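Each of the next two complexes has chain A plus one more chain, namely chain B in the first and chain C in the second.
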Partner chain A sequence: MNQFTLAIGFGLVTSAILALGAVGFTLQFGVSNIFNLAYGDVMTVSAFTAYLADSSGTGIWLAMLVGAATGAVVSVAMSTLIFAPFLRRGTSRFTMVMVSLALAVIVQNAIQAVAGAGFRSFPESQGTSLHLLGMILTPFQLVIIGVAAASMLLLHLLLRYTRVGKALRATAADPELARSSGIATERVTAAAWAISGALCGLGGVTLALNLASFDFTFGNQFLLIVVAAAVFGSVGQPYGAMVGAVVIGMASELAAIWTPALKQVVAFVILALILLIRPAGLWRKSFVQVDLAAR
Partner chain B sequence: MSSAYQYYLLTLLVFFGVNTIACWSLNLQYGVGGVMNFAFIMFQSFGAYLGGVLTLGPSTGASFQQYILGANLPFPLPWLLAALGGGALAWAVGSFALRPARRDFQAMVMLVVSIIASTLVLTEASWFNGQNGIAVVPKPFESRLGLGEVQYGWFYVGMTAIAVLGVYWLVHRVTSSPWGRRLRAMREHPQALASLGVNVRAESMKVYVLGGALASLSGAILVQFIGAWSPGSWSTGETFLYFVAVIVGGAGNNFGAMLGAALVLGVFEESLRYLPSFGYAGLAESIQFMLLGVLILGFLWFRPAGLVPERRRRLARRGAADSGNPLPTGAGQQAAGS
Partner chain C sequence: MRAFIVGLKPGLAVLAAAAFAASGCASSSSQNSGSGSGTMNIGVIYPFTGANADQGAIGMAGCLTGAAEVNAAGGVLGRKFVCKPFDTKGDPADATTAANQMMASASPVMVIGASDDAVTTAPIVTAAHVPNFATIGDPHFDHQANPYFYRITPSDALQGVALGYWAASHYSHPAAVFTSDLGAQTSVPPLRTEMTKLAHKLAADVTLAPGQSSYRTEISKIIAAKPDALVTEMDPQSAATFLSEYLQLAGHLPIILGTQRTSNSDWIAAVLGAIGQADYVKYIKSITPYVPPASPSHTVYAHWLLKQGAVKQPSQYLQHPYAIADYDAINITALAMVEAHSTAPAAYNKFIVKVTAASPGAVQVHSYAEGLRALKAGKTIEYVGAGGPLAFNQYHSAERAFSFDAFQAANKSMNPVTVIPGSALNG
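Let's turn to the complex of A and B:
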């Protein structure tokens, strides 16, 4: 068995999970202009509720839906109950990062307080593995890739061809102009938080499915590489995040052939390189433009 | 007072001194300059490591600890070199982390750096002795003075106090200087400052390096007192504690930062020791962190300026033509001149 093709198989799975996470993250940022550090912990919450649903016998498909719904509900709640009031008060974007950090700490420790610090694992994460073109994948890893691909396709169709998608892109590009053109930006923003929250929840569930075991910190740990992928593809750009997810997911798994411990370091080196070459990330729009557009 | 209580008290005092220096450092970066250093703990940790190994002597490789950069230097050098090293590390990190124009974006990159750094330290055991860290760091002058543990402790409190005074002198000079004014302008409106011809990235870099050096110094002071360093106790979450301290105390105000160090890192942390233990292991700690999260949300909502808000500064003084210009012109002229 070739190590290289094996790594490509794992890279596909990692990229798929990462794509769900990074696209959700970047979508949230694009519409709200907030770096949401609580994102990783929402992934954890979603995985825990999905786990709860799964172990009460709903089956994994319904559990995934439960996870996605949890992500959407928690995200919308955070946005309307915490972020929006702070923004209405005129809290600077700069301080909003502190707000989201505080939320992250609260959510993460609330999970620990409720669920305890033990490790859990989905029974589905073990399974007979399939051999495909030199890759070894479990059936559920194939499911993960399928779910991610379907979600990306749906999102693409939504953004391109529906009125909501158009309104969403308009709001991300220039909220003031969007509002004065008659778009109910508040509702669009809520929709964006719901969609990105659902992606975040799916990302959490698929990540937990792919891991041998997970505890209350795993989402937060994964946030690092989610941010790396989102930043790589220019934050706020869903297609950029997809590219970033594939590049970083593949690179980290390929690097694991030589040094398994340094997967994250590879993600970081790629991030540092892209920042040195293109401070605004891969996608063409610069952050200053995003910033000015948000005023 | 019994010696145990004395020792407890003097430990608290050293910690307070260390935390004060650390909060001033973060206050310079975040409170004054607006640079969100989410890798803050990395600099303190790095300084602590340097302070430790520069007194331990070269690694023999055969003993229970393996590390790099070992040397056997006399007292003030480990502190100074730790500060220098922290500055150098800040320069290295800043060279790419400060490139994005948005502050929150920079913060993300620093967060990534900080987490990666702790992963590297834990996995590459041959560099910093991995998870175990370093121990039995000799204390400065301890063998020469021949004092008892408590007396030596008070001596160390004195050394810490001198360092705190020195750092205060420095940060006070910086925050009340024209450069400090330029930094505050940068915090308030980087684009406006850039339009006046100031190189915002270079200014951010300067305050980042200075803050990094001070954070490292605080780490070095701490490690020579407790005598041990391990990466586990310098995890990324600790950065959050320092931010809470600075925001609660009052970002932009040196006394506020000191008050935050005393209240959040001193009183709040210590008072938990006296609570009866309840629930399973880790429950009390997670509730503590939830409280800290609620505390910071509360402060950002009800009192965003902190307990001791930043002083309102009078910008235009009559008769002092070169030092009292209104901010924008002054900042612009200095930038053009320098």
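Let's turn to the complex of A and C:
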């Protein structure tokens, strides 16, 4: 087995999971300007509801949809019931980060109170490993890659070719101007939270599937690397987050060939170097500008 | 955290305070001076939330069992024990807060725990001259000189030797796979030394970053080394991911030789769900501090564990060496208090070693009630715990034998199969 080719294959899986999480995170930030540290715990809630659905016999596909729907509903609820009242009072951006941190602790402890501290595993088997182009992947991992790719494509189509996408871009670029142009920015922001929450939920379910066992802390544990991928691609830029997910995912798997204990450190060193050269992240143009340039 | 809450706007402060309370940090307001009438608090300081929350449940199982036994015998000098949990969350910063809060709000007469967090909690506890019975394996405590600190489980240095001895004796190509956290890493140097001493080589020696979403690249390298056993210590999450991916890539597992962490219920639940019961029974083994399955002391322990009524699924702790060590610590403390005729920590601390030491004319006792009767009769006692004799060395470490354990599906726990003789580990 060629270690390099194998690592590329494994990196694809890691990148796919990261992309779902990072794009959702960055989309949320792009429209709302909230650096939401409770995001990882929404991943956890989504994974638990998907697990409940799957355990009750829905099958993994429907369970994924349940996870995505949970992420969307919880995210919109957070935005409407928690973040919006603070924003209306003119709470500063830094304080909003603290609000999200407090919310993360509450959500995590709520999950523990309801579901307990024990580990859960999805009942589905990962299946027999498949050998493809020198890579080894299970059918489940192919599903994860497929779900991520389809989600990214759908998001791209939504942002570029639909009225909701245009409204999202307009709101992200200048909320005041968008509002004065007749766009219902509150509804658009809610839509952004719902879409990003759905991606967050899907990210949570695919991550839980990949981990084999998960508990009430797992989403929070992976928040750092999700944020890293988003920052790498410039926070607020969905396309940048996609690139960031691929780079961080691949870098950590390739680093594991030589230094397994430091695989994440290597990814973060690359992130630091990129930020030194390009302080705003890799993706200089906003997704609004990219779209305008394409016309 | 509290200072942070004070500085926030009212609405935010409510939110943050709710988070703080929900995280289990709310303190008990009971006061206990450690002397006089009333109850006496035992501080149980472990992670009760987070990835190592299992440690808290284990500590409370031991404490509640010991307290039930002592209280049923009339308490100590007329006073009864109460177990008070304090949550370190497995984080040094939170552990410091929890330890300070425990000492300020509960005024414990003794403290059980912590494990890895003892590096930060033990100095706070012992500075107040309160005896601290910790389960930390870190070899840095092997030669500690603090008179109020006691280690009631073996050093990781000895754990590493036991792992190396068993691996070298039973497998031709064992590999070492440990996560990079301190709790796991302390066993690695003695493992390597023991392997070298026994003229054995590790097929692979890999350190993993804990809590990753995937270990496939690392696993493919390990598989290439063709190990017939993996000597390992990992947290439950990492172990579940690692072992399920190993199974996917190799089609089977080598023998997995774990440590005490492998015997914890959270580890078993995580890995059992990831690889299935058939493979778990076939491949998962561990080397743990040995607990005699049948002894007069263990019979008493089992009786009170199953009777006290406050521990969830108590049978899972019947053979658990750490729950048993915490239980033994309470009996030792109670007997030391009786011997000292005082419940004041500074007074009874001098008698802790005495009530456990084998000495000419000392009567072996196997429970608090038995020890109490012997002390009242004016006899010198040697408390032999449910985990076996607990003779503390000059550094206050209680060394124990180890056993090779296998999983029993019936009670979903690891159980001793073979005892590793102390001579093998010392010689």
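Keep this in mind: the second predicted complex is superposed on the first by the 283 of 295 C-alpha atoms of A that agree within 3 Å, B and C clash if a C-alpha of one lies under 4 Å from a C-alpha of the other, contacts with A are read in each partner's own complex, and residues count from 1 in each chain.
In the analysis below, a contact is a pair of C-beta atoms (placed from the backbone, for glycine too) under 8 Å apart; a residue touches a chain by one contact, two chains touch by 3 or more.
The model shown is predicted, which means the values in this text are computed figures rather than measured ones.
Placing chain B and chain C on a common chain A by superposition gives a clash between them.
In the superposition on chain A, A:Tyr161 contacts neither chain B nor chain C. In the superposition on chain A, contact of A:Phe86 is made with both chain B and chain C. Shared-chain residue A:Met98: touches chain B and chain C both. Judged by the touch definition given at the top, the superposed model places A:Leu262 against both chain B and chain C.
In the superposed model, A:Asn109 makes contact with both chain B and chain C.
Of the two partner chains placed around the shared chain by superposition, chain C is the only one that A:Phe119 touches, whereas chain B remains out of contact. Of the two partner chains placed around the shared chain by superposition, chain C is the only one that A:Asn210 touches, whereas chain B remains out of contact.
In the superposed three-chain arrangement, chain B is struck by just one stretch of chain C from 24-32, 276-284, 312-320 or 348-356, namely 24-32.
Under the contact criterion defined above, the residues of chain A that touch both chain B in one complex and chain C in the other are 82, 85-86, 89, 91, 95, 98-99, 102-103, 105-106, 109-110, 112-113, 117, 221, 261-262, 264-265. On the side of chain A, the complex with chain B involves touching residues 35, 37, 82, 85-86, 89, 91, 93-99, 101-106, 108-110, 112-113, 116-117, 221, 224, 227-228, 231, 235, 261-262, 264-265, 268, 271-272, 275-276, 279-280, 286-288, 290-291.
Remark: chain A residues 1, 3, 6-7, 10, 13-14, 17, 82, 85-86, 89, 91, 95, 98-99, 102-103, 105-106, 109-110, 112-113, 117-121, 126, 129, 136, 138, 207, 210-215, 217-218, 221-222, 225, 252-254, 256-257, 260-265 touch chain C in the complex. The part of chain C that touches chain A in the complex is made up of residues 8-9, 11-12, 15-16, 18-20, 22-24, 49-51, 53-54, 180, 206-209, 211-218, 220-221, 224, 236-237, 240-241, 243-245, 248-249, 251, 266, 269-271, 273-275. Across the complex, chain A is touched by residues 34, 36, 96-97, 99-105, 107-109, 111-113, 115-116, 119-120, 123, 191, 237, 240, 243, 247, 280-283, 286-287, 289-290, 292-294, 296-297, 300-301, 304 of chain B.
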